[in-house]
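These notes open a run of structures that come right after.
The same subunit A turns up in both complexes below, where it pairs with subunit B and then with subunit C.
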Partner chain A sequence: MSEVLAVEGLVQQFEGRYGLADRIARRPRPALRAVDGVDLVLREGETLGLVGESGCGKSTLSRCVVGLYRPTAGVVRLAGEPIAGTPTRAQRRFVQMVFQDPYSSLNPRMTVGQILGELLRYHRIVPRDQVAKRSRELLDLVGLPYRALGQTPRQFSGGQRQRIGIARALALEPKVLIADEPVSALDVSVQANIINLLLDLKQTLGLSMIFVSHNIAVVRQVSDRTAVMYRGRIIETGPTEQVFLEPSHPYTRLLLGSVPRLVTHVAAGGAATAIPAEPVPPAALPTATAEVGGCRYRDRCPVALPACATEPGLRLISDDGEEGHLAACQHVPG
Partner chain B sequence: MSPLLEVEDLHVEIPLPHGTLHAVRGVSLTADAGEAVGLVGESGSGKSLTLRALLGLLPQPARISSGRIVLDGVDVTALPARERRRRLTGAMGMVFQDSLTALNPVMRVGAQIAEAPRRKLGMSAAQAKARAVELMERVGIPDPERRYRAYPHELSGGMRQRICIAIALSGRPRLILADEPTTALDVTIQAQVLGVVESLRRAEGVGLILVSHDLAVVSETCRRIYVMYAGRVVESGPILDVLSAPRHPYSFALLRSVPDPDAPVHRLLTIPGQPPDLMETAAGCSFAPRCLFAADACREQDPPLVALPGDRATACLRHEEADRWSDLVAGLATVEEV
Partner chain C sequence: MKALTLPGRSVPAAGTTPRPRRRSRRFNGPLLAGLILFGLLVLAAICAPLITKADPTAQDLTQALLPPGSRGHLLGTDRFGRDTLARLLYGARIDLRVGVLAVVSPFLIGTVLGLVSGWFGGWFDTLVMRIVDMVVAFPFFVLVIALVFALGPGTGSIYLAITLVGWVAYARIVRGEVLVAKNQEYALAARASGLPTWRILLRHLLPNVVLQAIVFSMSDIVLSILAIVTLGYLGLGVPPPTPDWGSMIQDGQQFMLTHWYLAALPGFAVVITGLALALIGDGLVERMNLR
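Take a look at the complex of A and B:
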């Protein structure tokens, strides 16, 4: 499979609060590296799941990929072409994003027809006289009735709004779809609808997708490959089944082990509950601002070694011919 | 032995400018001393309002329009307001979803925990402080003496939620009401907080009513479950029985539409449509328009909650066919529409 999107050495730094007093005292500008050296490859037709907890940099990374942020360092390559500064119109068409919150990501003053029509005209996707026809085709794709064209977003439920958000992303006929927590704001009974819709669209339109989520079960359901992020870095990546069945990084193990499981039968011990009294050691706060040095997980890690004072790079665990299963941990033989 | 808490036919209404929203429509539930009970449903199902109604914490202008709340065999709804509040707040503590808005931002967290011991248990300031520090230690806050003086914004989400649990426990309640206590937390922190709740429940014999949209969280924590839909309890029973063999199509579909982290499936089952508008009262079962197995009768009469063997209950006319539902959906291509 050929590569459609690649990220190399990406760093996204945000500046912290820096007031007059700090300036007078000549304190250094505080900086927070939300994404701190990420390499990523997305191949044609695949879905890459990006998991991690809040603050790990997964949303920042996806915003860099669509060009909403200008990265501090590193490159994002779309079909081999690096984004230089502001993405070109063609590059913006290439990658599109579905946002988490379907309530705040749609213009409340525009009708669905205007939202779609504006894009179709600006990017000259179809000749002007065919904008209406193409809009209806887009509604067909996402399963909304044609009368939606004359309605504003507030007249729709959360699930329907997310469909509008998907139609908007698809209007530009992108090759890559970035879905940033697309179902997190939706009710559980509606989530499955949107997940199935995204998978169907990916199949019929031949899209590649980056699926960003904190919901580990959903990521396993949709992704071919999974990357786990922690404090701005990818700490484990590989084919989804391998990452889930043989997690190598201690953080991945903690993350997967913490997911609540549906208990439908009495466990062997006779207890109906699966929660141990104190399942994990109390966590130190992940503060991305502090330059900890060494492995970022060292202060929480139950199996930390003296060698963890140097930050490990991603090391190959097993090779499936494409990219293989990698983890950034000293316990993985280098 | 009568249950610690018994709710009978509770109705909550919200008067709005253009009509009355009937948000809770006849909910009955019980909680025994030391028992963990789960209340599951989607947004708008009335689960949170039910919980808030128990403590008299309904947001304006919602009000209890009818029903009884029986605590220790005494119908508190018949008591004068002051006496009712004294009994309810003495017996129950509450943990909210958002710990940042639940805590007083300008009061040290330790003082917030010490408030109930001073006012309700009549402790001296020194005793109340000692009790607060002890509670902070019990909920797993490292270095409680120092954290006693912290303000809520200085703590992480997980630590704040532990403070909220300590506050809920501070008045020595016999029942904790928890409204989505871990929904705002990351999974690793969620596991810790749930672990704290579980170990405290066992050690202190405090009962728990846990409201959540997450079946997995409830299944790991509770012994009995009430599934709510559109303001009603549609199914209830011992949790393992309900989850392994649901007797209501809503619980059945909900279980299959949520991905399992250990067993990805080819395709998730979808529930078509969306929850009903509670302003309107349509005839028939409120789930019928979305139900995979609805018959004509379901659209005409509203099914009552009927008791089943094994301490279970369901509000489905066709619950006797439940054993065949799995086979029916196996070959079913659902119409996918939100």
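Take a look at the complex of A and C:
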């Protein structure tokens, strides 16, 4: 399988306000690294689940990938080609995004037909006289009636709006679909419909997908591989079943709420003791500023070691797929 | 056995979703009332020659200071014997036209500047907002009066003065709305799909941010009419003998004790205009919140 999307050493730093007074007082420039050195590969036809708590950088990472942010460092490669500055039209078409909140992701002042037609015309997907026909085909794909074309988003329910959002993303005929929490704003009863729709479309259109969610169960259901993010870094990644059955990073275990199984990973030479699942409550969570070194989880980690003050990097646990199962923890033998 | 249905309630046919009944029709009470009132005022101004045959500038000192209800002069005459009704109607032509037109250019300039500075931010935003702060630091009327005084009386300087001072409000409103809208996911989606910036600004953001500015412009027309009237009152407005409500109030002022209606009638006209526009503004707010 060839890789359709690759992220290499991606850093996205947001600068805070830095006024003249701060400059005179020589205060440090406030900065927040939402994404701090992420490597990621998405292969053709694959679904990659991206999980992590809110604020861990999932959304920022996906926005970097669709070119909404210009990364501070690192590259995003689409089919091998790096995004240089502003993405080209072809690159825009290559990756499209389904947004989280279907109530704010559709322009309330435009009809569905206008939303789709504008994209079809601007990117010259079809000849002008075919725009209406293609719009109807898109509605067919997502299971909406044709009369939706003349209606505005407010006339639809949350689930229907998300279908419109998916149709908009598909209008550009992307190869990669980024679904950023596509169901978390929806009623539980519609969530399954939308997820099944996404999976169907992925099959029939041969898409690759990054599925971003904080909902572990959903990610387990949809993704072939899973990456776990914690405070701007990927701390564990691997084939979904392996990550879920044999979580290796203490944070993954906490996230999955599972009892640890891999006691053998406890520091070499030490007795194989069970690792407590409950994390140590942090005294105060330091902000994710650029200065933080070492393992980001160590202040909450129940099994933190002095060695955790240095960043372990992703270490290979088992290598059965093309990527293998990796975790960034000192307890994983390097 | 009878089907269990509640009497008087129709069951929607299977397969169709019952549309929720629209809670508001296209016009609500205040909007309709305001539009009718304002429409009547505009109509009266346009049809002035049909309503009264009197010339608003024709003087006849033998007929001076007649009370309302006099023969041939329904609302009486002023100290030069000019017909008050005719002056009110022809004054409406000047005041309404200048009032509405004086809002157009600040609206356009303020909206464009607000849109651009809100979207791009950076030094341009800082520059625009500092200028806004400077203009806002002075009271509106003081600045307008000072500018008209410097430019000289006449409609041209009134337009210019109100434009120079008035755009700041629109820039602020639109910028604030843009700051909210540009982080909405529909704006992100438009960017992610590679649409050019001008297109996102005009097609996606403008229709969503301009509503607040339109609502504000209604009350702004009232403000600019008041400004014109005030300028007329101070002798800086439309040069005499052209009829104008402000100068009529000023003329009538010296006869307050004997002929109070000379000042009260044009004052009343100002109040009615303000009321009509305020109703339209309220109605628009009510209509737009329903989305």
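Methods note: the second predicted complex is superposed on the first by the 302 of 334 C-alpha atoms of A that agree within 3 Å, B and C clash if a C-alpha of one lies under 4 Å from a C-alpha of the other, contacts with A are read in each partner's own complex, and residues count from 1 in each chain.
Keep this in mind: a residue touches a chain if its C-beta (ideal position, glycine included) is under 8 Å from a C-beta of that chain, and two chains touch if they have at least 3 such contacts.
For clarity, every value in this text was computed on a predicted model and none was experimentally measured.
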Partner chain in contact with A:217 - subunit B first, subunit C second, else both or neither: first
Partner chain(s) touched by A:53 [first = subunit B, second = subunit C, both, neither]: first
More subunit A residues in contact - subunit B or subunit C: B
First (subunit B), second (subunit C), both or neither touched by A:303: neither
Subunit B versus subunit C as contact partner of A:75, first or second or both or neither: neither
First (subunit B), second (subunit C), both or neither touched by A:190: first
Footprint overlap on subunit A, comparing subunit B with subunit C: none
Residues of subunit C that touch subunit A when the two form their complex: 184-186, 188-195, 199, 203-204, 207-208, 291
Footprint of subunit B on subunit A - complex, ascending: 53-54, 143, 157, 159-160, 163, 187-197, 214, 216-218, 220-221, 244, 254-266, 272-280, 282-283, 285
Residues of subunit B defined as touching subunit A within the complex: 42-43, 140, 142, 156, 158, 186-192, 194-196, 198-199, 202, 213-217, 219-221, 223, 239-240, 243-244, 253-255, 257-262, 264-265, 267-272, 274-275, 290, 336-338
Subunit A residues within the subunit C interface of the complex: 63, 66-68, 87, 89, 92-93, 96-97, 99-101, 104-110, 118-119, 122-123, 154, 165, 168, 171-172
